[in-house]
Amino acid sequence: MLDVVRPATHVHRVRVYYEDTDAGGIVYYANYLKYAERGRTEFLRELCGDDYARMLESGMGFVVRRCSVDYDRPARLDDLLEVHSQIVELGAASLSAKQVVRREDNELVRMLVDLACVDRGGRPARIPPPLRQALEDFRANVG
Amino acid sequence: MLDVVRPATHVHRVRVYYEDTDAGGIVYYANYLKYAERGRTEFLRELCGDDYARMLESGMGFVVRRCSVDYDRPARLDDLLEVHSQIVELGAASLSAKQVVRREDNELVRMLVDLACVDRGGRPARIPPPLRQALEDFRANVG
Amino acid sequence: MLDVVRPATHVHRVRVYYEDTDAGGIVYYANYLKYAERGRTEFLRELCGDDYARMLESGMGFVVRRCSVDYDRPARLDDLLEVHSQIVELGAASLSAKQVVRREDNELVRMLVDLACVDRGGRPARIPPPLRQALEDFRANVG
Amino acid sequence: MLDVVRPATHVHRVRVYYEDTDAGGIVYYANYLKYAERGRTEFLRELCGDDYARMLESGMGFVVRRCSVDYDRPARLDDLLEVHSQIVELGAASLSAKQVVRREDNELVRMLVDLACVDRGGRPARIPPPLRQALEDFRANVG
């Protein structure tokens, strides 16, 4: 769902299964990065649909250059989580996103992710114009 | 190490980390398949070295067509396990392996894995002759 | 969704993300076992709801004793898959399921999974009566 | 190996297998966090041996409170990597580590990880004295 609030936020729901947990009884710390990527993917799919598919088919994609993660509270088996994604910066060939994993009213994990758009060979590439326009429109939609 | 017993067996050691376990306190059932593939990879690397590297570089590889897994006893955090691998069948373009995950004298998980040799496009391909010869020699080494 | 056909089948949809794929460009073979467990979990949740939650809270659960997997066709990045689950045997403390991962009309991966009901200590335990009744009703619903 | 240089650094070797890679042909970004945890675990095991085992048995452990990750260069299938770990801060109940994933002379991924020592219930706990002494000695060993 494209849940437009201030600032514009995309929400993707994630269920915690056994595969996500560890012997500490909580979600393993690396797995929140998986949830974040699922959130970013569904965000781009819902926002840009065919343009995003064409981008992938042409061999382009986004790679993570940097991320920082704050683990405030643990998630547990069978939790239903939400990944809230916002765009905080948009460049010609890059994108920064704030992503928060929530369980109801609680923020569990907060992430800042810097992404670069790259071509098939992994070289920096400009974000395709229709995708970039859609991202700008989404971000500007502050109500 | 190439631990030649009857029948010829390759042994690869694996340590259990948090990433491998789940909220039940044991190794997650899918992760034994990761251990098995690590064992097969090290087996081929130690047995065939450069020939295996050349095979990978040429875009060829082995894919799993079928596996069956018996889970007899669970492995736990910090366990030091051994993956024991044997060749049970060797065809022109295929290979069957028996793989057992052990902790000291106990068999924890037993697997039968059928592999097909494929080319870059995923089509069946003959196992390269030097690799096949090495596999045959290993298998015949019954002492 | 509880999609009752002959025989009774539960269907759970799964999207393929980068985390699921490997350098061969396809879904890594161990990850179909994750999809299968997600399918079983949603099956039990939809079929038995509160009874299943109570079972988990009491420390009981299902563990996999054996599985066999046939890999017929590969799944790829961004595929939308379905996990089709059927009960093929139902014992006092055990359950066998047939699970097929499909993409539209194609069967990609077929699994047979034997599960045991265990208590908090990992010992065999009878399936709680309300859960077992729900499983029997589901299975009998052959139309 | 405890490879003491300036500053004191622990080195743990990691091989890249199919399970670690994604359809982009490189190691999936979340998996470097797995490598880092393996490095920290082997660091503590080699440094503190029985004291670390006793700590785990008593239900205590380290949890990650924060991490930041810079992805400079990608690792690929079959790479042999090194995880270099250094202690940058040591508190009564916390620890900060710098961890770098290297391939030969290249830094691929650089991480800063803040860890908290917790008891069985997940509450902050003082690092056990023998473990803390060993960590201090290691860190002071600047040659």
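Per-chain numbering from 1; labels A, B, C and D assigned in written order.
Here is the rule we use: contacts are C-beta pairs under 8 Å (C-beta built on N, C-alpha and C of every residue); 3 or more make two chains touch, one makes a residue touch a chain.
Remember, it's a predicted structure, so these values are computed and weren't measured experimentally.
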Margin query: I need the common contact partners of subunit C and subunit D, sorted by label.
Written below: A, B
Next item on the list: Check A-B against B-C and say which one is joined by more contacting C-beta pairs.
Entry: B-C
Check: Looking at CA centres, what chain is most distant from subunit A?
Finding: B
Check: From the C-alpha centre of subunit B to that of subunit C, how far is it in Å?
Finding: 26
Note to self: Counting only Cα atoms for the centres, state how far subunit A is from subunit B in Å.
What the structure shows: 36
Margin query: I need the residues of subunit C touching at least two other chains; which ones are they?
Written below: 18-19, 24, 30, 34, 37, 77
Next item on the list: Flag every residue of subunit C that touches subunit A in the complex, lowest number first.
Entry: 15, 17-19, 34, 37-38, 41, 53, 56, 77-78
Check: Which residues, counting only subunit C, touch subunit B once they are in their complex?
Finding: 24, 29-31, 33-34, 37, 61, 63-71, 74, 122
Check: What residues on subunit B touch subunit A, complex-wise?
Finding: 18-19, 21-26, 28, 30, 76-77
